[in-house]
Amino acid sequence: MPVQFILRRLISVIPVLFIVSIGVFSLTYLIPGDAAVTLAGDTATPERIEQIRQELGLDRPMLVQYFSWLGGVLQGNLGTSIYANQSVGDELLRRFPVTFSLAVGAMLFTLIFGIAAGVLAARKPNSWVDRLVQAGSSVGIAMPSFWIALILVLIFAVNLGWLPAVGYVAPTVSFVGWLKSIILPSIALGVGGASVVARQLRGSLMDVLTLDYVRTAKARGISPRAIVLKHALKNAMVPVLTVLGVQAAYLLGGTVIVEQIFGIPGVGKYVYDSLFTLDLPVVQGSVIFIALLVILVNLLVDISYGLVNPKARQT
Amino acid sequence: MTATLSPPTIESPAPRRRGSGRLLRRFARNKWGGVAAVYLVLLVLVAIFAPLVAPMDPLAQDLNAVNQPPSAAHWLGADDVGRDILSRIIYGSRVSLIAGVSSVLLSLLVALPIGLVAGYVGGLVDTVVMRLGDALQTLPALVLALTLSAVLGPGLRNATIALAIVFLPTFLRLVRGQVIAIRKETYIEASQSIGTPGLTIMRKRILPNIASPLIVQCAVSMAFALLAEAALSFLGLGVQPPEPSWGRMLATSYTYVYSAGWQVFMPGIAIVVTVLAVTLFADALRDSLGREIRRA
Amino acid sequence: MSRHTIANDTRANDTADDEIVLSVRNLSVEFATGNGYTRVVDDVSFSLRPRETMGIVGESGSGKSVTSMSIMRLIPTPPGRIANGEIVFAGQDLLQLSELEMRRIRGDRISMIFQEPLTALNPAYTIGNQLVEAIRTHREITRKQATERAAELLDLVGIPSPRQRLLDYPHQFSGGMLQRAMIAGALACDPELLIADEPTTALDVTIQAQILELLRRVQEEFGMSMLFISHDLGVIADVCDRVGVMYAGQLVESSDVFELFARPFHPYTEGLLRAMPQHTAGSEELVPIPGTTPDLASVEAQCRFEPRCRHAVAGCGETVVPLETVGAREVRCLRAHHLELEGAS
Amino acid sequence: GTGTQQQSTGDWRTDADRGAILRAGARLTPAWVSKTFDPLKSIGGSDIVLDRLIYGTLTGKNAAGQPTPWLVESWSQPEPTVLDLKVRQGVTFHDGSPFTAEAVKAGLDRNRSAGSPYAASLAAISSIELPDANTVRLVTSRPASGALLLTLSGREGLIPGPASLADPDSMATNPIGAGPFQILEWRQGESMKLRAYPGYYDKDQYLVAGIDFVNVNDEVSARNAVLAGDIDVGFVDAEGVPALTANPGTAVAVNQSDAAYYVNINLTTQNPPLADVRVRQAINTAVNRDQIASAVIGAGSAPAWQLFPQGYPGHDPALEKRYAYDPARARQMLADAGYPNGFDMKLYAVSTTPSITRTTEIVAANLNDVGIRTQIVAGTSWVQDYAIDRKGDAAVGTWLPRTDPTLTFQSLFGGVGTLNVGKYSSPELNGIVDQAQGVTDSAAADTLLKQASGYVVDQALEVPIAYMPSLWGYSQKIGLRDGTLRDHGNLGQGLDFTSVYVKR
Amino acid sequence: MTEPTSDTLLEVSGLTKHFPVRGGVLQRTKARVRAVDGLDFTVRRGETLGLVGESGSGKSTTGRLVLRLIEPTAGRVVFDGVDVLKLGRGAMRDMRSRMQMIFQDPYSSLDPQATVADSIGEPLSVHEGLRGAKRDGRVVELLERVGLKPQHLHRYPYEFSGGQRQRICIARALALKPDLLVCDEPVSALDVSIQAQVINLLKSIQRDTGISLLFISHDLSVVRHVSDRIAVMYLGRIVEIGDSEQIYTQPRHPYTETLLSAIPVPNPVTQRRRERILLRGEPPSPLDPPSGCRFHTRCQYAMDVCAVEEPVLAPAGRGSSACHLHDYGPGLGGGTVLDLEPTHRPVPA
């Protein structure tokens, strides 16, 4: 039963999240130095720094800090940014749509190009299309996303001037502006995923196309097109879904670097900035947040297994 | 030769080739795998003999040649403090290889025994190990690597450790998954029915049979390590200046996309080609090993 | 000997045009292997009359499936290719048809069922969906009508409460029911010929008996011809009118089923019969065929059974052996005329 | 700073689109700007840029480094320890309440209160009196110098309105100042929209109806944004100059700034050689300033030989080229100091910004050349590692002089201060600085400041490297009021928005 | 059922294995697969006991339980007077050398990465500590015993055909000269011609060594050929056990009769004359076996009592049968089911 299945998955998330929270907290605790130093400015005396530490509660024992933080997290309070003096949770929610735009853009790119290329390649193995897809996807996987970003900026923003080089426009402000602002970063993020999906889909499609039920479909006179698009694709998507789950996590990681390059105020940039300013509540909050996102994506993947695989729906 | 028959007719001399000979021949059949292997061997040689291969000292600054485009003196141009880019790319291969190889080995060293035991013994051990792995995997690799590097401090060694930790869940899962799959094979049951002790089964029956996918995964992870090292260096958490690393070179060149655009390409191409080679190598390896498994 | 041949050729020609549903002539199929092509089906000829069940029996790898797949033109190309031969169905050579024309025949005039019912149906779609698709591929009727027909078909093959069962996924069916559903799909368009490739091998004997019964019944009802492939001589003896025995890619013998079992012409057929446990009483030794089947990549044109043949004499392994017509039977053995072989007890 | 790139523009009176919104790039991430605009929380580099537009400052500062009137109309010094500020008439806060001497006193008292980040820089003020309705009298503990007026052109001179002071938390979203602009919309890390305050006293001081700040992370992003037309003006780096000048729609303004690259030295005995003045002098001699300035920092840069640039109080021409680049001599000096084989040291880079990294790499190479084996540490929390934990021997960074030059000496070499890693303190230098703080006469003060500068150079307490140019990329849609694009001198203090308008 | 005597090698009683099926939100056991549900049988020295039954009837599970490769839910396994289930780790390991197993799939029962010498040598090195040439010497002897050649010693499994692999497995099982060999469908994956080779090999080994065989197969004709006695399983229970020839010619349980009738005889003349009994419906799930007699849902002779009362294995002829027909209804009284006239057959409930 799907509801039971989802419930079970949700419950299994709890220990994972707990471990993550401990891990994240102790990791950030281990980061040398703290925000008090940076906050105090360059004229600060050690006494002043100590005072700020006390104000921020950074001088308490780690366990005390952890449980007070966890208590907050459980009540939906991810703490307050040391610099910006704002709720980390609010800020994350405000930034989430930005990163979400990017992630969806990149996912769309991944899916559309990945699936199209995978299907084209698998339909005619060893044809020039297949070779092109194979070569293209190999290179696509090998290219670091930040390098793609640099080159895209060079071509489309600087030389051609078609798309902005930096910045993010909210869709509520200007839809076209929003679209323009996420195209390049989405592509930079999506190329790797599209390549992985294309390769995976090509492989699994070719595997599926050798399976018995495809032979059955052929023996029933069903057209090759329907065989690939109806019979094979749905089943070949099972391993692709796994890959997509991994890619989604990978993509969220990639936003750190791509948002940095494109100056996009999303969650990834929030993490990056906070790591360098040692804004620990932000680091902790946003890393937990990202972990939650990844878990959510995996949950979605698990549920979508049920869509393509009726067997999974039952158990 | 006429039909190959089973006893009593078989008389063909039994070739006592261990798997590797067959493997090599099959590997060589894959054209791109071969090219990749040759490239990687060359790369390793170049990295080892960098002082002999590099035309210049990678650290020698020539402030008169700052951001000089490719020329007879500097084949790939000079960087922002006038260092020879070619020489730096050559020396940079050391960093990439060290980061790639050692992070994977380190991770494997930890994951292999744990995964073997978790997969073979199952039960609580397995649950605990897998939950830890799950938790580690909920963090995107780059975020995890970034956070770990921030904790450990920048530098090649720490970046390598961070990457090794990032790889842990992947290897754990792979080893455990493979062990569980192989544990179901009849030949394991056969060994158990003989009374072979668990440790011996793990060592002599399971380990050799999970080696192939593991080797392939190592190659795949190595490709990822190359990319991740570049990303960390790009973000300033990798190798410390003035040591050359491809990621760092790219980060530096980012500043000069307008005035010295070629600088963006050189280290980028080095990364892409090397990652590509490792990936193709892994593919070819998977294919040749795969056949081995399938036929068996 | 040559007289026999001529006489029988004439007989064959008499019936050829209107009496024969399917005629496979000199079919050879090759697969690309590491070095060049390996011929896995070599010069196979047989024909099927209306309402007749022709069995093909042989050990694993003897080329039974490849032969049947060739008739449907489902050999994966590459690596496979039909190197030679004709497959005449209802007066036209299937090998000359375009892919589109061939597709119109598949599932409509020739249907096929397979060995492994669990994998032969798409796990991602309901039984009903797949039946409806099978019908609507060849018949221009509405989805509703097709669903109606699908339910009728399920009922026909003996699946209780067919209308609900249409909504089930393959994994909700047992092996026997799946094979019934497969048969329903194969009957969807009232085919002239049903090819059954080891349809009961994966099933328990009790289920096998049900399925064989079902096949016999629907063949009667639909008036089809059937090409029935099996490695089990017992099953062949049960359902076939005529039988062809394959060994290492070649048809070594074909004959009326009673004659074949009563008195095999080929030593291999004899060997198979003698190796069956039913052949002997419990205490007696079975009589195996020594050795194993040859590696097709390295067989040559001479008799392929010679290394394992207890009747082989000097010279057997050196001459190319043609398929020879002896009365209404055919055999591929140099010594066929000299051997008095043992049949089923 | 002075604009070096001139542009032939028309007359702003006819050309300027007074209803236009200017789009400017700025760093708006939490590291650079705090969420609240409470002056006491103004710590990020971009805060002052926004604060100044919202609050205005009591005084201004001109290109020559001299104080100019702003919200304070004029000043006088009836006694050496008394400074009378005349509050400008007709100025109102954004809520309409008048900008009064009382409000100024309240603001200043808050700014100099204990716990305020400006307590030190306003320490000279012993009390504030209100002799009449329009005058704020600052009574100082020492004779007041011009430096105090300059100080009031910085964060110390930000005066929130009484309504804001009554509820400091409200300054997070609704700061009430007397400055030319009000906040329309604020998205941290993303954008800040300012709109002209209709009640601002001088209609012609600012020529735009509003400023939309867009976040740009760094010089490269800013340059790209200018090139792509996303913003009209933004800070760029030397590498951006060729692209911006080559592009027909954009230009670059190069201003000199007071900021400089320098090597901060950990003056403890942790690494004994560094405690030896001869070694420090050798280090100074080993660094190739000219090359760094020209080849590495590029346009608008000049080698630095002392703390303050030319034109800044305390700059002494005589100190120029004191330690001219001479590796052979440096090696000799090291040998003389007893280190013929050099020694090891750890050099921190304060950020991963390309120019810092580059400078660090060259300095390290220079030092290696003379036998000082230098290991670079970058990309770490240098404040913690270097400044707090004192793990390193030196750090390459940028130095932004305080508005009051004496404070510069105090924070760098006055015994406290984070950047005074070794907590160095010299009675001689302290004496000179104390004296300078008490001198009213600016000429006398300058002499003392020069003396202090000289002491720092003599003792080689740091290694000044090069002055940073302040580079602005801007779109040709922008008109320049006097043909120059001015900024507020110190790097990161922002553009002087009075100098620009949007062309019709 | 035969009473245990001194020449009883293996005595199994009440052997039961229920596999838990987890489900629900908390992954609690929500059902149990009753794979094996209370088996009693014995194997004498030198005898072959055949175990037949349809797929899923619990044959393999029984084999594993006997060798203690899985722990039973209940029951006793006494091997040569020793209660196997009570043995500690070390004693169990020693015991393993006395009972060995060969498996159905010759392709997966050999480690693809191990040479023939390694595979066959494994029991020798584990139990006798043999290494190197000494071990190889013994392996060669074994190879020759199963009809392979010394030069096969260092080859890998993929170089062998299915029949040859099965020979290697037999060699491995014989290495320690066990008293009992459990053969789990050893020939099901092989072609007829090869099947006969392997069966003959097993029989000749039994003749030479006096080893006991527990021969598992779904093919009643193969089982009949090799076995002295046969046990017929249905849904985890033995429905009939007895002398091989008697089971074949005079079945005393309707299921045995059905099974026999379903096996096609390779002779068209006889095959087409035989009476066929077609089972009704589908095999029930071992998760929820039918009440009373487990076969009653498909039995053509089923009576009311069959759905209620579970028949026990009671002596019938030279064996035992668990069927109510022997005491209820027409009352066969231990006679063969074949004696039932179709017209006299009771109407199924």
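Order as written gives the chain letters A, B, C, D and E; numbering starts at 1 within each chain.
Assume contacts are C-beta pairs under 8 Å (C-beta built on N, C-alpha and C of every residue); 3 or more make two chains touch, one makes a residue touch a chain.
Bear in mind the structure is a predicted one, so any value in this text is a computation, not a measurement.
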Shortest chain-hopping distance from chain A out to chain D: 1
Comparison of B-D and A-B (more C-beta pairs in contact): A-B
Chain whose mean Cα position lies farthest from chain C: D
Chain located farthest away, centre of chain E as origin (C-alpha): D
Distance from chain E to chain C - Cα centre to Cα centre, in angstrom: 32
Rounded Å distance, chain D centre to chain E centre (Cα mean): 90
Mean-CA-position distance for chain C and chain A (Å): 53
Residue numbers of chain C (touch at least two other chains): 290, 292, 308
Interface hub residues of chain D, defined as touching at least two other chains: 243, 380
Contacts with two or more other chains, residues of chain E listed in rising order: 161, 163-164
Interfacial residue positions of chain A with respect to chain C in the complex: 210-213, 215-223, 226, 230-231, 234-235, 308-311, 314
Contact footprint of chain A on chain C as seen in their complex: 72, 74, 76, 103-108, 111-112, 114, 116, 119-125, 133-134, 137-138, 169, 171, 182, 185, 188
Residues on chain D engaged by chain B in the complex (per definition of touch): 219-220, 223, 237, 239-243, 288, 291-292, 295-296, 349, 352, 354, 357-358, 360-362, 364-365, 375-380
List of chain A residues in touch with chain D within their complex: 31-34, 37-46, 49, 81, 83-86, 91, 94-95, 153, 157-158, 161, 163-168, 260-263, 265, 269-270, 273-274, 276-279, 282
Touching residues (chain side chain A, partner chain B) in the complex: 15-17, 19-20, 23-24, 27-28, 30-32, 138-139, 141-144, 146-147, 150-151, 153-154, 158, 249-254, 256-257, 260-261, 268, 271-272, 275-276, 283, 287, 290-291, 294-295, 298
